[in-house]
Every structure is written in structure tokens, then in C-alpha cells.
Amino acid sequence: MATVRMVEYEDASPEVREIYDDIMEKKSIDWVPNIWKAMGSHAPLLRDVWNSLQDTMKPGRLDPLTKEMIAVAVSVTNGCEYCVHSHTAAARKLGMDDEMLGEVMAVTGAFNRTNALANGYHVDVDPPILAAALGDGKSSKAAE
Amino acid sequence: MATVRMVEYEDASPEVREIYDDIMEKKSIDWVPNIWKAMGSHAPLLRDVWNSLQDTMKPGRLDPLTKEMIAVAVSVTNGCEYCVHSHTAAARKLGMDDEMLGEVMAVTGAFNRTNALANGYHVDVDPPILAAALGDGKSSKAAE
Amino acid sequence: MATVRMVEYEDASPEVREIYDDIMEKKSIDWVPNIWKAMGSHAPLLRDVWNSLQDTMKPGRLDPLTKEMIAVAVSVTNGCEYCVHSHTAAARKLGMDDEMLGEVMAVTGAFNRTNALANGYHVDVDPPILAAALGDGKSSKAAE
Amino acid sequence: MATVRMVEYEDASPEVREIYDDIMEKKSIDWVPNIWKAMGSHAPLLRDVWNSLQDTMKPGRLDPLTKEMIAVAVSVTNGCEYCVHSHTAAARKLGMDDEMLGEVMAVTGAFNRTNALANGYHVDVDPPILAAALGDGKSSKAAE
Amino acid sequence: MATVRMVEYEDASPEVREIYDDIMEKKSIDWVPNIWKAMGSHAPLLRDVWNSLQDTMKPGRLDPLTKEMIAVAVSVTNGCEYCVHSHTAAARKLGMDDEMLGEVMAVTGAFNRTNALANGYHVDVDPPILAAALGDGKSSKAAE
Amino acid sequence: MATVRMVEYEDASPEVREIYDDIMEKKSIDWVPNIWKAMGSHAPLLRDVWNSLQDTMKPGRLDPLTKEMIAVAVSVTNGCEYCVHSHTAAARKLGMDDEMLGEVMAVTGAFNRTNALANGYHVDVDPPILAAALGDGKSSKAAE
């Protein structure tokens, strides 16, 4: 059970209702998911998260499905039940089937294991890896 | 500093050395990264992790770059320094530039935020999301 | 469902019952919350946690509401369902309303995001920040 | 070492430079912290995080010091080195001394312990706690 | 509710069914636990995890009960509900009673607290601890 | 670098110095580890953590080495650098060699992987596992 009363559409202020309308339109649904109805209890949070997420999830160098699969991996690693379900649902709508989910899970599971091993043996980062991780910085100019 | 002495190639047993050779060949490098030299202190772990990772990371429905970007997202979420560097390096070698890394970071950051919000308001998963997350199970037959 | 049978008041040993009495008195309730009934299965743990928490939560330089809001933030970050509910309840009793909860959630969410970004880009701590974090040590004498 | 080259002020695009200027002005410093120089490599992320954080951290029902102490607690729980230092530094500037930091640490530590205990015994949330956590919803109207 | 349809024994492919048979035989049960039926949707993951776990959990220098108690501690720290239950059940079958569980919980709780304190005060590792953690490397030869 | 000045023995108040003496005596060392010198800045925290840890770590149904190996597993899972080193050092002093550490790491790594898989597929806990995890409650009476 939630820690705040869901703010239903019919009880929402005009400001909150406008954001709910935008969420439903952009997501092509005719209902407001619970996470947004919870944030409806604090309009500044609702507005900031909705604006920020739209910016983050719009098509860029990564396609929307890749972004949703990364969202699944993050939610799995954090063990967030609501998020695992909502991002798995979103990724399935974008074409992820059981085999692709299987690979996301295999990769996510594998690196939760090796993260533990690297933290546990606490090995130093090899200098060639440090250099390769940093890259050559050329693209940072292109980014400007 | 590590919690185990790195097992160098020249000090390694034939079994460990064979795995080191395979790692270097598959990764096209002529040196053994520290994480593997640490696992060289316990051959069964070295063998199991190496075999498992090769299975997990081979091209499948997801391409290698997507798998490495998911690995970055998992490592970031766990805060594993060695892993963040090694997977960022691997993803860069496969073509990830600063803009793509920026999108991986934006997505990873965004969902670490919303994971907290969903956990904090502890909202119930909406039934349509539960149904969409489960999918129709058809692909699970195809997977067999 | 729990992994241990709750030790009910009427089944408790005199030692456990005495702690239950103290918990109910200090919290001004006439029932024993489940977390304490679970620890009732291992008296040394029950006693140590209860004593330690009283010490930690007594009014000090931080007021009880601030302490409970920090408890909410920690529980949200760890994704602990029982804890999110119990600390949100405790903070509400001390005066936290939906707007204040909204701010706690906004701050907790925001820094779960930036924590990921700092871990992901793995930036060095700026020397002026290191110095400012350390402080001048004067208060450590005052603390004695 | 970072996984992206810091974008220095003199190398930054006009868009990035404008945000750097705003950061320095709002924070009353004459240098750009590394976390922002890292995000300088991906201007959309830089802009979104900076805008969002200003919104989140402005004085509201919680004062700035309380918000920074919550930021410390979140960063400690996630084990983010950069963040622990930067939020401890920010909180000290707002008046937190060693005793107050000691209380933040005591509370943060205590609830990381009890979070584990509640997760480990996996106790059900007591109905009175569920009801008290939810509150009466009155303030959610006021929030609109 | 799961994010994939459980692959029941009667619907499983011969490859998956063979692994299910092996799981039931090795665990001396006549039913397939849900975690394996979920992985049944992606045979390569099922096979890899089952093979790897058998290798990891076979009697070695640590006895099976110690390994299961470590599994409980890890699952508690990650807050994984399924895992807390399945490893607590496995440890109980191997002889863990409420007192031993109480000690596992006490230790797991205690170090989740001190982990937070060490991360929060961010103390340097003392040189004698670094040296003692590394050991003398003698056993790494014996391990080969 | 730490976020508080270490309180050295010669600068400590009589109360803190007494605890330092007790730590050194009980641990058979002639120096004070940094984690305790950091807590020396807030005497109530120092006293509470030291008292609680002695209670938790004293020989019980689990032997000291098992408790330290659980401490390693918890610290690895949380990625706490100081803690990984100090508990690995403590476990080595109690007899853990590289092979035993290898098994601790293998088990810790394995269950960080399967924790992710169970969270990701979000499977329901099987009723026989729920029952077996709960146990028969007989020992909870013995514990009183």
C-alpha cells in the first residue's frame, strides 16, 4: 500500500491535471499510472520528473528500446518491484520478447556477480583500462 | 590495494595459464587484466566466471555494444569502480562515444531517481502494467 | 510472510516481555510491532537494537522529525518496504505532511540520480571540496 | 580517474559555458566542480540535472541544511565517494558541525542496520503502520 | 506477479526438461521452484546458472550450511524477497535454528550499519589492515 | 580522505580514550584503527557501536570465523572498501586462506547474480519455500 493517497484525475488541481493529460497523451493511454498519481501529491516533483524523463527518453543516439532495456537492468539491480514491472512492460511494447528479456537478465545477473567479485578482491583498475575508459576526448568537442 | 596477491602468468598453474591464454586470445590483448589475475588465486572461480561470461556476452538477440552499455548501467548502479572503468572501456572500443555515454548516464541516472520515488511512495503496480510486463508467453515456446 | 514466527507477548520470556513493555511505553502504543516480535526470537538482538535505537533517536542536535525524515530517505534508498512504511508513519506523527514528504522524496530521488552520475563518470573529488568536507576539527574537541 | 575528459570552461560551447556561469554564480564559487565538468560532455544532461537540482534544493518546507543532511544520508547509503564529500562539505557550510554529522551518521547507520533486519526477517507491515503511513490525504489537496 | 510466464514441466522443451529433472533430483524435491521455471523461458540462462551454482555450492573448504548462511546475508543486504526466503529455507533444512538465524541477522545488520559509517566518514584503510587483508600469497600457490 | 578529523589518542577525552583502550586490548593491537578514530569525534556513536559489535561478534552458535566471513560477504555486496579490507584481514587472522576466500567470493558473487534474476523475473515465493523458511517455531521458545 502506498504512503500517500493517489491524487485522482477528478480531484487534481488544474496544474496537476494538465500534466496528467500530457502523460496520457504521450504514452497513448487513457489512465494515469500510480507512480504519477502519487507524485500528484507534490506538483513540483511531478512536473520536474515528467519534464526530465521526456528529455531523457526521447530518441537520441540510443533508440527507445535500448533505453528501456537499460531501465530494466537498473531497476533489477535496485530491486524496485514497480519499476521492474513498468519498464519490462514498456520494453515489451517496443518489441522485447522473452529471449531478449532473457539476455537482458543474463547480462544484468552476470555483472551483478562480477561487480561483487571486483569489489571483493578490490583489484586496482589496470592502466590500459583507465586510458581506454577515458577515451580521446574528441567527441566531447563535437558534443558542444 | 587488492585483498589477494595477483597470480601472474609466469607463476600460474597450467590450468590457470590455459584460461589466461584463452582470455587474452578472445579479448585480443597480450596482458591479463587484474580481475582475472585475482581470480587466478581460486581456479574453480576463474574457470566458472570465464565460461559463464563468454556464454552471456556472445552475440545474440542483443548486440555486444548494447550488452556492454547494460553492463555500464549495472556497474554504475552498484558503484563498482573497477567495473565502471572496464565496461566503459569495452563499450568505447565497440563504438560508444561521449554522446552515447551521456545518454547511458542520463538513462541510468533517471531511473535511479524514479526507482527511489517508486520505492518511497511504495505505489502498487497498476494491473495493466502487470499484464503487459508478463507478455503473452508465446515467445517462451519459441525459446525452447 | 516472515522467516521466523513472531514471538507474541503472551509467549515471550520475562526478559523479552520486559523489552516489549518498554517499547510500548516509550512509543505510547498498546501493541508490539512485527519487527520487534521477530527479534523476540533472539533476545540478545532485540535488546541490543532497542537500546541502540533509543540512544540514536533521542533528541540531540537534530530534532526527532529530522531524524525520522533521514530514516525515510535511507529506507527509500535501500528499498525496504517495512521500513519505508514505519518511518513515514513515524514522521507523519511528528508533523510531516504530504508537501514535506514530497520534498523528502524529491531530495532523495535527486541524489540517487546524481550519486549514479558521480559513480558513472567517476570524477575525482575536487580539492576544495575535500578540504571543506573535512572541516577544521575544532568541533571534535568540543565533542569530547 | 574519470571516464570522460572534463570539459574545461575555456573549451566549453557557449551553451555549456552559460550553465557553468550560472552554477558558479548560484554556488558563489569561481571554479566549476568536476561533476559538472564531466556532464559538460553531454549538454542535455548538464542542463537537465542543473535545472532539476535547483528546483529540488530551493528553500521550501524543509530548510537547505536539512536537505543537505538528507543528501549526505543518501550518498552514504549508496557509498558514493564524490557525493559523500560534496554533500558533507555543503552541509558544513550551512552550519553542520562534527556533533551534527555524528548524529546524521548515527541515524544513517542505525537504519541501514534495521533495514537489513526488516528485509531479513521479512516481517509484514502492521496494519496500524500502513494506515499511519498513508495519512489522511488532506494535505494532498492543500498541495494542489 | 512475474514478468515472464513460468515454463511448466509439461510445456518445457526436452533440453529444459532435462535440467528440471536434474534440479529436482539434486534437491530431492518433486516440483520445480519458480525461479527455475522463470529461467525456463531462456534455456541458455537456465543451463548456465544451474551449472554454475552446482559448482559453487558443492562441499569445499566451507560446508554447505556456511555457504547458505552467507547466501542469506547477501540476499538480506540486497533486500531480495524470493532469495531471503529460499536461502533461509535451505539453511533451516541444513540445521539452522532461530538462534543461529538470529546470529546471522545480528551480524548482517551490524555490518550494514558499520559499512554505512565507514562509507560516511570515508576513512582511509589503515596500512596494517591493507597488509593483513592481502595475506602472504602462499596459499595462492597451493591453490594452483 | 575522511570527512572528519581523526581524533588521536593523545587528543581524546577521557571517555573516548577509555574506549580506545578497550578496543586495543580486545583486539590485541597497540594502535587505533581509523574507523574508531573517526567515531571518536562523536563519543555516543563510538560507545554504542563498540558495545553493540562486541555483543554481536562474541562466540555464539556461530564461530568467529564464520561471522567474519559473513561480514566480508555483506561488505562486498555493499561495495564498502574499508570494510572489505578490514573484514578480510580479520578473517585471514582467524585462518581464512585464499581458497576459503575464493569460496566466500564465489558464493557472494553467485547470489548477487541470482538475487538480480529473482528480482528481475520477480517470481512469487513458492509455498513450500515459505513454509520451510518460517520453520516450526520450536526454537523460538528455546531462545527465550
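So that you can tell them apart, the chains are marked A, B, C, D, E and F in the order they are listed, and the count of residues begins at 1 in each.
FYI, contacts are C-beta pairs under 8 Å (C-beta built on N, C-alpha and C of every residue); 3 or more make two chains touch, one makes a residue touch a chain.
Everything quoted here is computed from the prediction, not taken from an experiment.
Visitor: Name, by label, each chain that touches both members of the pair subunit B and subunit F.
Guide: A, C, D, E
Visitor: If you line up contacts by residue number, which pair in C-F, A-B or A-E shares over half of them with A-C? Let me know.
Guide: A-E
Visitor: Consider the two chain pairs C-F and C-E; indicate the one with the greater count of contacting C-beta pairs.
Guide: C-F
Visitor: Can you give the whole-Å distance between the Cα centres of subunit A and subunit D?
Guide: Each chain's C-alpha centroid was found; their separation is 19 Å.
Visitor: How many angstrom lie between the centres of subunit A and subunit F, each centre taken as the mean Cα position?
Guide: About 33 Å separates the centre of subunit A from that of subunit F.
Visitor: What is the distance, in whole Å, between the centres of subunit B and subunit D, each centre taken as the mean of its C-alpha atoms?
Guide: Averaging C-alpha atoms per chain gives centres 27 Å apart.
Visitor: Using the average of all C-alpha atoms in each chain as its centre, how far is it in Å between subunit E and subunit F?
Guide: 18
Visitor: Could you list the positions in subunit B whose residues touch two or more of the other chains?
Guide: 1-4, 39, 41-42, 44-45, 48-49, 52, 56, 77-81, 84-85, 88, 98-99, 102-106, 108-110, 112-115, 117, 119-122, 125, 130, 133, 135, 137, 139-140, 143
Visitor: Graph shape for the chains shown, where an edge means the two chains touch. Line, ring, star, complete, or other?
Guide: complete
Visitor: Which of the residues in subunit C come into contact with subunit E in the complex?
Guide: Contact set of subunit C toward subunit E: 1, 3-4, 39, 41-42, 44-45, 48-49, 78-80.
Visitor: Quick check on the complex: what are the subunit A residues that touch subunit F?
Guide: 72, 76-77, 79, 81, 84-85, 104-105, 108-110, 112-117, 119-122
Visitor: Give the list of subunit A residues in touch with subunit B in this complex.
Guide: 1-4, 6, 29, 31, 33-35, 37-39, 45, 49, 52-53, 56-57, 60-62, 66-67, 69-71, 73-75, 77-78, 80-90, 92-93, 97-100, 102-104, 106-108, 110-115, 117-126, 128-130, 132-133, 135, 137, 139-140, 142-143
Visitor: Where on subunit B does subunit E make contact in their complex?
Guide: 1-5, 7, 11-13, 15-16, 40-44, 48, 52, 55-56, 125, 130, 133-135, 137, 139-141, 143-144
Visitor: Please output the residues of subunit E touching subunit C within their complex, sorted ascending.
Guide: Contact set of subunit E toward subunit C: 79, 84-85, 88, 98-99, 101-103, 105-106, 109.
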